[in-house]
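Quick one: structure below, then a few questions.
Order of writing sets the chain letters: A, B, C and D. Residues in each chain are counted from 1.
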Amino acid sequence: MSKIVELEKALEYVKDGMTVMIAGFMGVGTPETLVDGLIEKGVKDLFIICTDTARPEKGIGKLIVNDRVKKLIASHIGTNPVTGQKMNAGEIDVTLVPQGTLAERIRAGGAGLGGILTPTGIGTVVEEGKEKITVDGKQYLLELPLKADIALIRGSKVDKLGNVWYKGATRNFNPMMATAADIVIVEAEEIVEIGEIDPNDVVTSGIFVDYVVKGEE
Amino acid sequence: MSKIVELEKALEYVKDGMTVMIAGFMGVGTPETLVDGLIEKGVKDLFIICTDTARPEKGIGKLIVNDRVKKLIASHIGTNPVTGQKMNAGEIDVTLVPQGTLAERIRAGGAGLGGILTPTGIGTVVEEGKEKITVDGKQYLLELPLKADIALIRGSKVDKLGNVWYKGATRNFNPMMATAADIVIVEAEEIVEIGEIDPNDVVTSGIFVDYVVKGEE
Amino acid sequence: MDIRERIARRVAKELSDGDIVNLGIGMPTMVSDFIPEGVEVILQSENGFIGMGAAPKEGEEDPDIVNAGGMPITVKTGASFFDSAVSFGIIRGGHVDATILGALQVDEKGNLASWMIPGKMVPGMGGAMDLVVGAKRVIIAMEHTAKGKPKILKECSLPLTAVGEVDLIVTEMGVIEPTEKGLVLKEIAEDVTVEDIQAVTEANLMIDPNLKTMDI
Amino acid sequence: MDIRERIARRVAKELSDGDIVNLGIGMPTMVSDFIPEGVEVILQSENGFIGMGAAPKEGEEDPDIVNAGGMPITVKTGASFFDSAVSFGIIRGGHVDATILGALQVDEKGNLASWMIPGKMVPGMGGAMDLVVGAKRVIIAMEHTAKGKPKILKECSLPLTAVGEVDLIVTEMGVIEPTEKGLVLKEIAEDVTVEDIQAVTEANLMIDPNLKTMDI
């Protein structure tokens, strides 16, 4: 039962207005082929969850520049000035979330947790509108889980069952996002035979993955 | 800077009455050499955090049988009848915790979270004394982090910096416990040179590990 | 046919191709022997892997690869290992399609008691509470009575494993579905009458208008 | 000596052998060039690894290995890669001995503002809020003033990164430690007087009785 499909087939599931998680840190570990495919396909009004919007010509930055994003949750938008411009112009509704909190919220979404308590953001604007809970005399913010309709992830080696192995710093948000969306599409830098990734070294189990698309190397 | 030490040296840090996390599932992935060393050394009144007490002659079971445990948090004690006997006799104070909750509580302890919200245990005795928090109309229990003075873990391959790779089902609670204790001692099935474990396949980073002890193969 | 085999055979038919399934210890483990042809399920073992295979041949056991009962097992090609936090993330996060578990008691609200008998047996809940809350479907595979006494009750008397999470009960006498209105008898074993099964069931059984013979 | 080099050299002396350190983008990155001999620190990069090495030679960049600024970097033997949840678990969990960060403003309560200027610059906090809350020591490495205006204030006017988490402030003029009683000037640069430094510091500076010359 191979999960390998053509790009167009995998992206059939992405519709206007959907919530889409896209992995990568400054474009590293971002599925560029899937992002390009989204732009080509013409979907719009997306709610994107990602850690940063990279640069205007790179990764998630391309979706920003091409006006496909209506709402955005990210931890950092400073390297892509277009994001800030569109935010100031009221074209994109941006919520900034501390990077560690973002990772935990996505993980919580995938792991069935109702939320997590973090000390990060206490005493800052991040706490606005959130419940504060004191444990052992220390204050924490209750941060709620995040889920998505679609997650677009990228693996360095992916087998036909969707088992993923990541190289270097490409891992970042990929493993968590793979657990937190209804449909998970992985772009494979390299597609390998089942069993080629040592079962001890698989990072994202194929059970999380719906479709595998061959990306650029 | 090698972290490899003799068994006796590593166990110097374990004192009577300490809170000790010990990894393993039914003894698989349990550092048997370290457990035997604890018994040999004669420490007592330990507060043990583990997922099960294995069997009387195996893993953590040996500490139970040898009367070294005063307090115990575990998810399952049924395979070691001695644990139940000592619990009923009032010799060991046992708290039973759902296995998934135990994993998250230890992870939270290591990751600086103030707690996590889980639906597990709602409507059961597990909820007794715990705060209930409703998120999106669904009830969750607030479960608090666990930390320890010492964690005893086991790796299949360990390098001199303490980087650990686990084989098969030995991984279980090892990675979380490695993050949640003041002193972490890892028993190595095999000690390897630094760099022999691919940096992409290291599961527990050496930064969590204080001492490495050679165990039985 | 052995009672336990009958139950296991019937439960096996509840599984669909590609399902991710967690089998409890004991009778539920037998279910994997009766999966219908053409159906391939992926077995999750909560101690830390996906892709569980058959028991190893004698002499070929790997002490590092055991199932959730601690018994030597194998993994299939394409398997993957992970830690207990990931494993229960899979379970709690709804990534397991079905869990098959035994029970001490089930009641007409779909409540389950399976982990302790106060003063007698306190093994602990292990992973059962997470499994029952997290899996998309909870199928109870158990003998209809314990020493002749009903296990399907109006209200569980033993400490609960979870509230209202049971989706289907399969016993040697029939197949029962907890619904908002109560327990519905969906299938009945060939050698059993409705009166027989109600006689050993404390809870009231509503009879499905399309009551079928138990499909084993 | 360049102002930034002076700051980086002084900060480097705060680090001890074996420390796990996270360096912010910009001047903090320079600190790794001045670590004293005999001291080996382990650099954490919050985008997902431990054991960061030097920048690669031109032509030897690996596009999969970049630092938290997105620039090509290398890893040392014994490094390990992990995901962002693990990375911030390391940070939030107190496993990082020191983080070295720049700042827009610091105040006498040890509050830090470093991530936005409303209406002007809203880059986002990235990993800074977690780092400042989680690291055992927070060392601010920054120029003493911005366009001649004080950055060390009685009270930060910009949105905070964290409350009361700053442990040490190193500028080209001196070394200042936030304490419960306020800011204590511990060291002063050779070419600077106490009056000079107070003149460009809005907050009141208490002078350490053992005030030393800044050790660079």
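In the analysis below, contacts are C-beta pairs under 8 Å (C-beta built on N, C-alpha and C of every residue); 3 or more make two chains touch, one makes a residue touch a chain.
Remember, it's a predicted structure, so these values are computed and weren't measured experimentally.
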Discussion item. Contact counts by the stated rule: is the higher one at B-D or B-C?
Written reply: B-C
Worksheet item: Using CA atom averages as chain centres, what separation in Å is found between subunit C and subunit D?
Response: 55
Worksheet item: So what's the Cα centroid distance for subunit B and subunit D, whole Å?
Response: 35
Worksheet item: CA centre of subunit A versus CA centre of subunit D: separation in Å?
Response: 29
Discussion item. Can you pull out the residues of subunit C that are in contact with at least two other chains?
Written reply: 49, 75, 81-82, 85, 88-89, 91-92, 133-134
Worksheet item: Residues of subunit A that touch two or more other chains: which are they?
Response: 104, 107, 111-113, 118-119, 166-168, 200
Worksheet entry | Set of all touching chain pairs, with the criterion as stated earlier | A-B, A-C, A-D, B-C, B-D
Worksheet entry | Touch list for subunit B against partner subunit A, complex | 104, 108, 111-119, 131, 133, 135-136, 138, 140, 142, 144, 165-168, 198, 200-201
Fill in: Complex contacts: residues of subunit A adjacent to subunit D
25-29, 51-52, 54, 74-79, 84, 87, 96, 98-104, 106-107, 118-126, 156, 166-176, 203
Discussion item. Using the touch definition from the top, list the residues of subunit B that touch subunit D in their complex.
Written reply: 1, 107, 109-113, 159, 161, 163, 179, 194-195, 199-200, 202, 205-208
Worksheet item: Along subunit C, where are the residues that touch subunit A in the complex?
Response: 18, 20, 40, 42, 44, 49-51, 75, 77-82, 85, 88-95, 133-134
Worksheet item: Which positions of subunit D touch subunit A when the two form their complex?
Response: 45-49, 62-66, 68-70, 75, 81-85, 87-89, 91-92, 111, 121-130, 133-134, 159-164
